[in-house]
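Input: one structure, supplied below.
Read from first to last, the chains carry the letters A, B and C; within each, the first residue is number 1.
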Amino acid sequence: MSTLLATFDWTIIRENLPDLARGLERTMQIWVIGIGGSTVIGVALGAARANRIPVISQLAAVYVEVIRNTPILVQIFFVFYGLPSVGYNLTPFTTAWLAVTIWGGAFNTENFRAGFEAVPFRFREAGLALGFTPLATFFQVTLPIGGRIALPSTINTYISVLKNTALLTAIGYPELTSVARSIAAVTFRDFEMITVLAVVYLTIVWTFSILIRMLEARLALPKEA
Amino acid sequence: MHLPDWVEPVARYMLETGLKETLKMSALSVTGSAVIGILLGTLLTLPFLVVRAAIRLYIEIWRGLPIIVTIFFIFFALPTFDIRFSPFTAAAVGLALWGSAQVAEATRGAVESIPREQHEAASALGFGWAGAHAHVILPQAFRRLLPPLVSLLVNVVQNTTLAAVIGVAEVLETANRSVERLQLTPPSESHALSIYGGVLVVFFVISFPLTRLAAYLERRLV
Amino acid sequence: MRRLGFAVTIIVLAAASLAAWSFAAPAGKPAATHAVTAVKLPKLPALPADVKSRHRWVIGVKCDFPPFGFIDVRGHNDGYDVQIARRFTQLAFGRDNRLSLVCVTTPSRIPTLQSSRVDMIISTLTWTQARADVIDFSTPYYSATGRLLVPNNSSIAARRDLHGKTVVTTRGSIYATYLKNCIKDANVLEVDGTAAAVLAVKNGQADTFMFDDAFVLGVATQDPTLKLTSDKFLNIPWGIGIRKGDSKTAAWVNIALRRMQLKNEFVGILKANTPAKYVGAFVDNVPGPKTRFAYPVGKDPASDCSGI
């Protein structure tokens, strides 16, 4: 173990810190867009599914089943290499956020659907009785309560979205994993670069998990009396 | 229906060579994940803090890392310590580390969901801790593990595609190579859309029934 | 007197015909054939023990780099590098099927060699100092130049046009390093395979693919929508990769290469793997009996930014 620490080449990390930082910045960009986009999709389609809105509900079901039953890496290749032959030439950046958003959106659709359906009917009844329109009831009652019920599963989806950004190395988008691999390919210091990756991803994932679980405790619905 | 000329060799390569590797890797990884995961998950319920902490660390690391980074670690970083694996083995081990962490967590949940009454009944019948677990608790927990295990199978099958990144000739990589070959020989038509679409179909056909099975088991067994 | 005149005539005629004959014969031709048949082929040393007991070479080759290493329509390996591997097998075991080929990519070829998964790598491996620090190189067996592959309507004509453009290349290639050192404001996209890079250019996701002429010339010839610019750079030979310190394999490989070079076999292999129309462009890149390629030891061509 001590020889390991002795031969660990810190200078390689120091020399390449700017590139690695840029890579991390791009990872974060894609992640944030992915969180936002997948939430919007999840709420909209989850609500459509929960309320059995015709046509949209069925289409959403197909979307969810296709995305959840196929590997994300194949989806990424399909978007980046396949779509151009029907005219959609997407830059690596666009492919990156689009692929993770589509993937996260499918899972969030299920998460929010389950959350909305778990809102006790009497709460929605109460909203309608108070004179809210169905749409207002959704925003004032179903969404806040259903959203909180769905929180644990949506958090898991957000964390998975972050981990999936690492796959963008396959299309050359220079996010963190791609940058680390490129540096290792030239310097042959794979151990140092992968250690950096492990430390960064675990730190972000663990911190995010802990923060959100703390927040979840605050946001949790009061236990029924 | 007459298929274009390029389809047959591509389909043959992808299904005969690629799919075989995918299924082989899936079988090995799922088996490894299940065995190690159930063992660790059961140990996680032991009242020994050190054991629980170690297993908890294992679970959090292999679930927290992107699987591709785990695979990179095994294939590219371990050789620094003279531990060398083939691409296939590196990918299979990486998947099994992740999978076993998932199963361990699921097992812990399943075991803890068995009501106290069962533990009390078992000790009333004269079973010790080990006997209670072996004869009463675990058999019931296994039933509850079946849906997550089927889900794990689906996830592992899909994640075998990550092995393409380190060059294993599973379905996705055979698709990549076919696209390449078509691109570089006349008439330079890569057919990427159809080929990657085909890969999506292959995985959908394998995963969808299993996902339905997991949902059915969830309703019936829990 | 008459006999003298007769003798002089014979001598003059003989001299004249000798002179005529030596003028008529193209200079060098008799010398060349003379050299091929008369040259002494070095004797192959003993095979490494494990190769001998296994009775098989295990060699890493590219599977995405026509015409050097690729998978043909039947799913079998073929190409210039693969043919060299088969020739080695023939030299070692008398048959060319005592061979296992392992597909490698640019990023995975050196780890695969170092992990002893393969005995050597014949995988379009350009010499760099960084690579020579971790593995051993055989004597050169091919010399490639860097070129730019662009769509037909591209405004890029040379490296100086790359500022601010998106340049795709393969991960860990000398071109990636070259771009980072010399064209810092280019947007570099590093992908893990050649197919990905070509598709990126075709789809407009990258403005150009900077890569070995050996590969992109084939692409440009097959694909009417792509072309090469005339800018040539980074002329560095390729070698066969051997584990550091594996002197038995190194000795065997270098002698085998020398034999093939002296018998001018590389040209034949090139011709078998390249459509006739561009054999001419590559024939100077393969070693012949007189060629001597040399690695740029002590220099770092990837940081030599002159000529841009």
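Basically, a contact is a pair of C-beta atoms (placed from the backbone, for glycine too) under 8 Å apart; a residue touches a chain by one contact, two chains touch by 3 or more.
These numbers were taken from a predicted model, which means no experiment stands behind them.
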Open item on the list: Among the chains here, which has the CA centroid at the largest distance from chain A's centroid?
Closed with: C
Task: Central subunit by CA centre of mass proxy - done: B
Task: Chain pair bearing the highest count of C-beta contacts - done: A-B
Open item on the list: Quick check: how many Å separate the C-alpha centres of chain A and chain C?
Closed with: 45
TODO: Return the distance between the CA-based centres of chain B and chain C, expressed in whole Å.
DONE: 42
Open item on the list: Between chain A and chain B, what distance separates the C-alpha centroids? Give it in angstrom.
Closed with: 20
Open item on the list: Touching at least two other chains at once: which residues of chain A meet that condition?
Closed with: 81, 84, 169-170, 181, 184, 190
Task: Where chain C touches two or more other chains at once, by residue number - done: 111, 192, 196, 199, 202
Open item on the list: Give the residues of chain B touching no fewer than two other chains, as numbers and ranges.
Closed with: 76, 79, 165, 176, 179, 190, 192
Open item on the list: Touching residues of chain B toward chain C in the complex: what are they?
Closed with: 9, 12-13, 17, 75-76, 79, 84-87, 165-167, 169, 176-177, 179-181, 183-186, 188, 190, 192
- [ ] Sort out for me which residues of chain A touch chain B in the complex.
- [x] 4, 65-66, 68-75, 77-78, 81-86, 163-164, 166-167, 169-170, 177, 181, 184, 190-191, 194-195, 197-198, 201-202, 205-206
Open item on the list: If we count contacts the way the header does, which residues on chain A are in touch with chain C in the complex?
Closed with: 80-81, 84, 89-92, 169-174, 178, 181-182, 184-188, 190
Open item on the list: Taking the touch rule as given, give the residues of chain C at its contact with chain A in the complex, in rising order.
Closed with: 106-107, 110-111, 130, 133-134, 168, 171-172, 176-177, 188-192, 196, 199-200, 202-205
Open item on the list: Taking the touch rule as given, give the residues of chain C at its contact with chain B in the complex, in rising order.
Closed with: 63-64, 66, 70-75, 103-105, 108, 111-112, 114-117, 192-196, 198-199, 202, 218-219, 222-225
